[in-house]
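Two complexes, one shared chain (chain A), two partners (chain B, chain C).
After this line comes the complex of A and B, so read on.
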């Protein structure tokens, strides 16, 4: 089959304008598809550190906006299989001003435990000590430090909104996470936040992050933890960390169906465009197909060559589209944040996009190619095109 | 069967259906063509001469009758076998040249060789030899649009002979050519017949072209006329 490829390639460039327009339409569609699949991948298949499989997140059963008591922590710790527990309270607040570029996640936490529950975040021991020992210290991820141009020893102010307290913080540690999501974040002492609160708001936390001893223990711990607080006035909902993260995505609506619908529409539309192009291209060449068959080409070979031609066009469009998608994602980089991290174009997304391009080429040509290859030779030779 | 006959047809009939009409394109045609002959099939339009040629080339199947070419009963072959057989044994020259416009002269001639087991280099060598044989050694890299009609038809002849077939079938090969180009093409066909002992069957309605043939048979209204009998005017 390899020796027919140059012939198929030359045929694909027969009507240059049409081929270029087809490649352009496929590439634009594949670009869109590539970005959408990348978003889908970021939501549902993003590579997570292995520690994530060991972590659970406990929140208020009613909603994430309701807090849970701090005193749950020692009780959680008693559940067999729990290795470590740490509270994390979303502070919100304003850094510099309300513009999106100054937004990043900020949590009040327990500095003694946060890096035990998130061991994938590596931190210099000296910096960790400095972070733990100073009441107004903050630890930030490396990505955040680079993005906001923050450095060790720098003082920053967070103006409270959810909590009616302004925080004067000093950056004492810069840690490195395994993913942007864990790197683009700031931690500080929850106790420091509580100092400025009225008594009624003290002793409450947003969530507990629980580190299990084994992945097998995770479902049981979730079940037992929620059971433990079933009769309390603040019931809990404990999920694996992955499920907890996906619950944010579901707040946007049925994102999965939405993304898949758009992807489906894009693929279907481009399939029709390509099928039309291939049908036109094949119809114009019925006579040539008759000539090829007179020379001894079998119907199967003719069929394969026409399909190869369509696949070449679709793959060229697909490659171009993937390159565009890759370039856009690379260039815009971290500004394309998708809920838990920077939008990236992993190889699997490129492979899927190219696979779709291949399928478009195949499916768009198979019917016209089949029909054309089976026209009787004498009819084909009489065809006027 | 006489071993000298390269082509033998017996009561060959071809009937087409066009909507509700039945059209008898060829009726009970029996012909024997000897190896090394240059036969011209003559007749007016619709007389069945191209149909007979198509049946001999096995690019169409007869409604009834038998056609044996090079000792092979063509009805006994499957479509795949026929394609292979045609590639190996038959070179076909069309009236309208039918070169592939996106391929150069050399690539057009190389096309039938793609179906063989020859290496790329061997294919190129064979194609170049065939082109030199028809006097187009200096036009190998030219596309069909860069060639004259006569040159295009010579490329088509090179394509027909590149697999070294025993039989060359030509369907009105000079129909689209001026007289000078027609003479060149007919001379090449004649040389192939005389010097390389190729059997040539040429369909034409041009008496001048038919003069290049060693034998002439006439068809009229789907009937193959007996030897020496001319159609009624």
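After this line comes the complex of A and C, so read on.
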């Protein structure tokens, strides 16, 4: 078999222009497919940081826009297997103005506990102390500091909307997170936000982040926590942090169907292109196949050779496409934010794309190759290209 | 002299398999582009047709949406006496205090569900939106735990149909009506009695917004200005139509992705079309030579092949349009980043979209056909005639 590979390779070079055009067409499509699969992967299969497997998020059952009382906190803490609990309240508001470049997540929280529940956010102990001891202090992630050009000691103003208060904050700590969700964010004292609120709105938080002692305990804690507040007028919904994040994807609409149908169309298009090329190139060669058959090549060998040629072309296109996809995502990834972080190209996505290329080579050539290998020798020899 | 067009038609017919495959590739490319454009068009039409140009939404200053806005009930009472506000026949000013919030509901095919906007309003608020009509059932009664749901909510969410109940606030709310808001954003909302909702959510003094109708556009402008100048109220008025139209920004990522996908696919399909056309040129080398001998110029050969490629891609374009036509009217929803809830819309294949699809196919055809046609036109007559 091995000696036929160079033969198949040579065959693919006989009409260079066609081969190049086919490779170009396949590579462009596979580039697209690679990027789309990477987006899909970012939505549904993003590798969770190990800490995430231990965390749960509790919100109001009705929706995230409703708050839950802060007095739930000690009760949650009593559930066996709960290591730590911290409140996080989405502040919203406006920094500088309404433009999206000034938007970033901002939370009111408990400065004593937030870094315990999120151990992947590393912070200098001195800065942590400074953040904890000053009522109007803020701690920000490194990515955020770079993006918004913020320094330690800088004062910033947030105009409230959900909370009708304006905050005058001083940046006292810059921490380092492992992902965008833990690095492109700002935390400040929830107590400071509450100072400006009317009494009716005090004592309420947005969500609780719960750190479990073990990953096994997570589903049980979720169940017990929701059961605990089932008869209160603010019922809760507690999910693993991963499920909580996925619920945001679900909110976008039917992303899954959207991405998969585009991917399907792309794959089918490449299949057509590739099958068309193979059919054209086989048609021109029927006479030659007759000659090969007279020389003693079996139909199976002829079949295998044509398929090998198609697979070589498709794989070349696939490799090129993957390279382009990888390069583009590497260069632009950081500016293409997908939900919870930058777009990345994990090896598995490249493998899937190459697998698709292989399958396309195979599928696109089976019918033309089968037909060609079955043409009676005498007809084949008489065939006019 | 030009080569007769029937020559091209016949050629495409002779190479049936290749023609169909190439056209299908182009068709899929066009279909993807049109599918996404139809989605964006549907969403835009839902948002851009929402609202009355004489009405404005009054929110707390700096609030980007009704959802995050808080307006004290007294402030709304204060607005009622401003000049230039239209009156109901009974003399009441057209000012509707409203509470807007969202709740999570499971979708028909997805238990995780999505957020749906709940709007608490009084009967006068309903009257200020006369384009909305009851499809089945009736409006909610004041003081009752009753709601009416928009058509799009009823179609896409479990337990959002007539006589079912929704659980939020302090208990169950009976669905007593389904309303048709004429494919506007209100079709994606759930409406209930203002005071009842305010009690349930413990916010009887804090509303979200007020809807105000002015007597004419000049009065609307004046009201906006007087609102902005009143530092004590700390409110801002946004024209209702502009408020909804601004939410079309929600469609931007989809639009961007769609354009990206379509352009890349088009490049791929142009290469494929080029391949097909080169093969066509190679197979017909003798024919081309013959045509030249008969006196057809290089120019008419070039034109003929470009035309054939164009024909091929237009066939693909039409096929693509046929492929997406069944999507017309398909109901879907997208997460709206302004309202933090889902806005329902119908895919809309408008004539403009069909024109875009055909032009897109035309561009692909010309790009794919130009180089092979040039090769054909440049062929040396004698060499071409000697070809097998």
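Criterion: the second predicted complex is superposed on the first by the 383 of 385 C-alpha atoms of A that agree within 3 Å, B and C clash if a C-alpha of one lies under 4 Å from a C-alpha of the other, contacts with A are read in each partner's own complex, and residues count from 1 in each chain.
By our rule, contacts are C-beta pairs under 8 Å (C-beta built on N, C-alpha and C of every residue); 3 or more make two chains touch, one makes a residue touch a chain.
Nothing here was measured: the structure is a model prediction, and the numbers come from that model.
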In the superposed arrangement, does A:4 touch chain B (first), chain C (second), both or neither? first
Applying the touch criterion given at the start, work out whether A:265 contacts chain B, chain C, both or neither, answering first, second, both or neither. second
When both partners are placed on the shared chain, which of chain B and chain C touches more of chain A: C
Between chain B (first) and chain C (second), which, if any, makes contact with A:216: first, second, both or neither? neither
Check whether A:276 is in contact with chain B, with chain C, with both or with neither, and answer first, second, both or neither. second
Contact-wise, after the overlay, does A:291 reach chain B, chain C, both or neither (first, second, both, neither)? first
So in the complex, the part of chain B that touches chain A is made up of which residues? 54, 57, 59-60, 79-80, 83-84, 86-88, 92, 94, 98, 100-103, 107, 111-112, 114-115, 120, 159
In the complex, go through chain C and note every residue touching chain A. 17-18, 21-22, 24-25, 28-29, 31-32, 35, 60, 62-64, 67-70, 101-104, 110, 112-115, 168-170, 201-202, 254, 261, 264-265, 267-269, 271-272, 274-276, 278-279, 332-335, 340, 342, 388
Spell out the residues on chain A that touch chain C in their complex, using ranges where they run on. 17-18, 21-22, 24-26, 28-29, 31-32, 36, 61-66, 92, 94, 98, 159, 161-162, 164, 200, 233, 237, 246-247, 250-254, 258, 261-262, 265-266, 268-270, 272-273, 275-277, 279-280, 384-385
Hey, which residues of chain A end up touching chain B in the complex? 3-4, 7, 10-11, 13-14, 287-288, 291-301, 376-378, 381
